[in-house]
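After this come two complexes, each holding chain A, first together with chain B and then together with chain C.
Coming up: the complex of A and B.
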């Protein structure tokens, strides 16, 4: 009896982790790209919420959720570009601008999103990976959204590009030392602007996942701060796209513990599991703050690590 | 208005650097405020609404009658306190964004400590005092911890305070869903209500609650502390240049932790008033984003504790007018969020103007003092 309950929890957690982690994955990859270029964007929460609203609205009007996903990315791109443009101006504090963008993005999303709370829009379909097992719980857990795989491919591609392409090198150089980037004739502002806009695009796609797949509807309480936590996730992953995937899965699993325990009748005490990734990130920061080895992984121009 | 009067000093008298700086620090935010009103008006025109109607309604809803003024002051109370929680560490050079968590933790601590006091039948003023002190201690500890980690462990305070906010919210949820849950709160888990006898009322003759008075008092006290005492001077010097401050033998670590602890006390106190005045118990309603709005209020006030009060009142008024705008113009309640967002974005972009407007530069005017 204990065993089967345990397995139920594990399977539910696996499915939950895959579902919950996808938006984390996209915001983390977006933030990772932006931070690699030496700038921090705390406003991805705004991109996420606006992306969720735009995806739902466009999917409702066009009937094609994938157009919704693209539109969500586009809205994120615009917010990211706004952040990137304002931060190009001298004397502007990128952290505060991030919070302003967050408040602007959620405001706009709530304003235009009001009429879309009621109607139901076509949602993204899942790929059924587990039907062959004949186990209904496992089959349900293994219904994976294509965006999950898109995220993994993207992480691998980003990781490869950072290491092996000219563009990747330029982004890393801008993030590590603006002075040497300038000496090479690279426009630091322009690189950071593009990296922030592209990062914003990814966060918007993450929002589309929220409204079009899981939880799969649009309302004002849709996001539970995934965008804001992107910064912590990237620190947790030590600015490495592949590790961002693992970190997102871990954050997702921690978020999925609550509902999985509820499925076997335990409904209390899981809030500490939800907070576990944050506590863990804090400890990692404390442990690595003064270590030289860890300092090598940090983009040198980042305002939060100076 | 005041920008023009301060800026148009007669050419015969030489304005000194201080006056020019002050005029600049008034002019730039006012300019940004009107710039964002303009952008918002364009937005309204695009969606086919009248900007004149809108701003008239905001004025009526925010300042039009004594009732609406009181509403605005009411709404500004938590913003004053959370803005102070950002401004004080900012003066010592720290970007501390954890006021949200300190508010939640403070509110929860106040509600928790109230349970034995209420069942024990303690006198209300004593209960309030103990609740307020507990709330301030909890908040102070939380932000103080972020300050301590920053100075003694080299952990970035912005991220650690953000993480601590989430941990604070989780702590509240843990107890509110578990050990301290009021069985009567079915859909929205809450702590035991403190009861009407222990609710803090309004300032006599008004509808404004005491949180506003406390906010104004703290703003004045902290203004004096930061600009008229050795402590404030040392803190500002540390904010200007940490190495110079260390070379002068200033206790940098103490100053940083103290400023952060003060900040946390302000946010914790905001949580106390949310519980003792508004909600009567601790629950998820405490997580209302006051901490983040406070950051932007502090920026608009240039981290000056006295300026925080009028700025917070403006935002309180905009929030208070939201209901009226919704009813009269048929616009969603998120309209005020859009306006706030535009103000914040334009305002922060306007920071770039400092030192660039020739009019305010003594060198350019040829009258260096």
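Coming up: the complex of A and C.
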């Protein structure tokens, strides 16, 4: 009995990691790119919510959810570009602008999203990877959305590009030392503008996953702060795209602990178990951020470290 | 009305239209006797749940001659609700305020009722007592009767008898819905059990979806819920080919294959009664509570998930509730084995308002 309950929880955590992690992944990768260039965009929660709304609306009108995903990315790109542009102006604080963008993005999404709460839009399909197992819970857990794989490929590509390409070098350089970048003839503002816009695009795509796949509907409480958590995950992942993936997976798996423990009959203390993702993050953060390595990995130009 | 009393919204409007214009509607309201009804919602009007149930009833009131309805949604249970209501009173001339969320009552509605004795305030939870201002009051529907009917239908629509319940927080009205759902199911399937997962939040879509998946993985084949917006729960269950019962408003369109029936409020009965009394110039009752016996509840029309036997049994259960048949008939034990109800309880017995246990047959814990 105990064994099967344990396996049920493990399968639920696996499923949770796959189902819940994708939006965290995209927002964290977007933020990672932006922060690598030396700027913080706290507004990605706004991108996420707006992306969710736009994806749902466009999918509803066109009947093709993938066009919705692209449109969500586009809306995120615009918000990111807005942040990037405003932060180019003199004496502007990027954190304050980020909070403004967050309110703006969610506000716009709520305003235009009203008519789309009721209708049902076509959703993204999953790839059924687990049907051969003959175990319905496992088959369910292994239903994977293609965006999940896109996120992982993107993380690997980003990680490689940061290390091995001229573009990656320029982004890292503007993030670590704006003076050096200027000396090299690189336009710091322009690099940061592009990095913020691209990061915004990714966060918008993350929103599309929320409204078009899991949980798969548009309403105003959809995100409940996931965009903000994902921004925090970047610090947790120490500005490494691959570690962003692990952080997102861990966070998704931990989120499944609360409901699945109740489903196997361990129902005492569910408030505590529901808080598992946050507690876990806190502990790993304390453990990892104390190292000297952590201090070296912070982009030097970030306004929180300057 | 002094300028100091003007709330933020009225000052903003006054800035746009001039102060004289801002004061004008109030003068008009005193000169005539139309009913201006101000409704305040805690969330969006179209949440497929609690707020939608109120807003749908409000739509019916808008067709009543002489009634103007003004609404504001997404008003938090903070000082913001006082400001919204004050601007409805001062600016739009509202003379009846319907505050539809639990946390609005104390201190906000109580204080405003003292400040504006000419305005009637009614609040959607059984909180009004004799000590409160007489121009305030409460109205409430006992939705657990609807969940009981859901349970009766679910007991005959579930092949395994394992039912799942996604619940927000363990407060008495939620617990009563869970327990009534179980008792209904036991009526038609004595071996039925209800497994409950608490999410801890009124609205947390991702966790609600996770909870629904966890219940289905645990073998439940009918899922229902008590969360603010049941849309995610019903859609997730439908997507996995599992049957569902609804909550608060109609979720039938979300689950064309598996929807059985749902517990729905019928606030329109109360609202129409208020409008009628106001039009006649008669006072509103301070306390209205109801259920099936006075037409304040309904069950969503049966969906494809309901078996013919389930429909017959559920219809019979509704008829019995209308005739006053009690849901809680003792001796009943909680799921720790203590006897919690000795004899038959009236469906409106105030003791039930303090429910703090899950009955035997419910798998779950409230802490």
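Assume the second predicted complex is superposed on the first by the 279 of 306 C-alpha atoms of A that agree within 3 Å, B and C clash if a C-alpha of one lies under 4 Å from a C-alpha of the other, contacts with A are read in each partner's own complex, and residues count from 1 in each chain.
Please note the rule applied: a contact is a pair of C-beta atoms (placed from the backbone, for glycine too) under 8 Å apart; a residue touches a chain by one contact, two chains touch by 3 or more.
This structure is a prediction, so every number in the text was calculated from the model and none was measured.
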item: Which of chain B and chain C A:290 touches, first, second, both or neither; value: first
item: First, second, both or neither for A:93, with chain B first and chain C second; value: first
item: Which superposed partner A:188 touches (first chain B, second chain C, both, neither); value: neither
item: First, second, both or neither for A:203, with chain B first and chain C second; value: neither
item: Which of chain B and chain C A:104 touches, first, second, both or neither; value: first
item: Touching partner for A:52 - first (chain B), second (chain C), both, neither; value: neither
item: Partner chain(s) touched by A:170 [first = chain B, second = chain C, both, neither]; value: neither
item: Contacts of A:222 with chain B and chain C, given as first, second, both or neither; value: second
item: Which of chain B and chain C A:274 touches, first, second, both or neither; value: both
item: Overlap of chain C and chain B interfaces on chain A (superposed complexes); value: 110, 114, 268-269, 271, 274
item: Chain C residues touching chain A - in the complex, by the definition given at the top; value: 43-44, 46-48, 74, 195-201, 203-211, 213-218, 228-229, 231-232, 235-236, 239-240, 253-254, 363-365, 367
item: Residues of chain A defined as touching chain B within the complex; value: 42, 82, 86, 89-93, 95-97, 99-108, 110-111, 113-114, 225, 228-229, 231-232, 235, 268-269, 271-272, 274-275, 278-279, 281-282, 285-286, 289-290, 304-305
item: Residues of chain B defined as touching chain A within the complex; value: 95, 97, 149, 153-156, 158-160, 162-164, 166-167, 170-171, 173-174, 177-178, 292-293, 295-296, 299, 332-335, 337-342, 344-345, 347-349, 351-352, 354-355
item: Residues on chain A engaged by chain C in the complex (per definition of touch); value: 8, 11-12, 15-16, 19-20, 110, 114, 117-118, 120, 136-137, 140, 210, 214-217, 219-222, 224, 226, 255-256, 258-260, 262-265, 267-271, 274
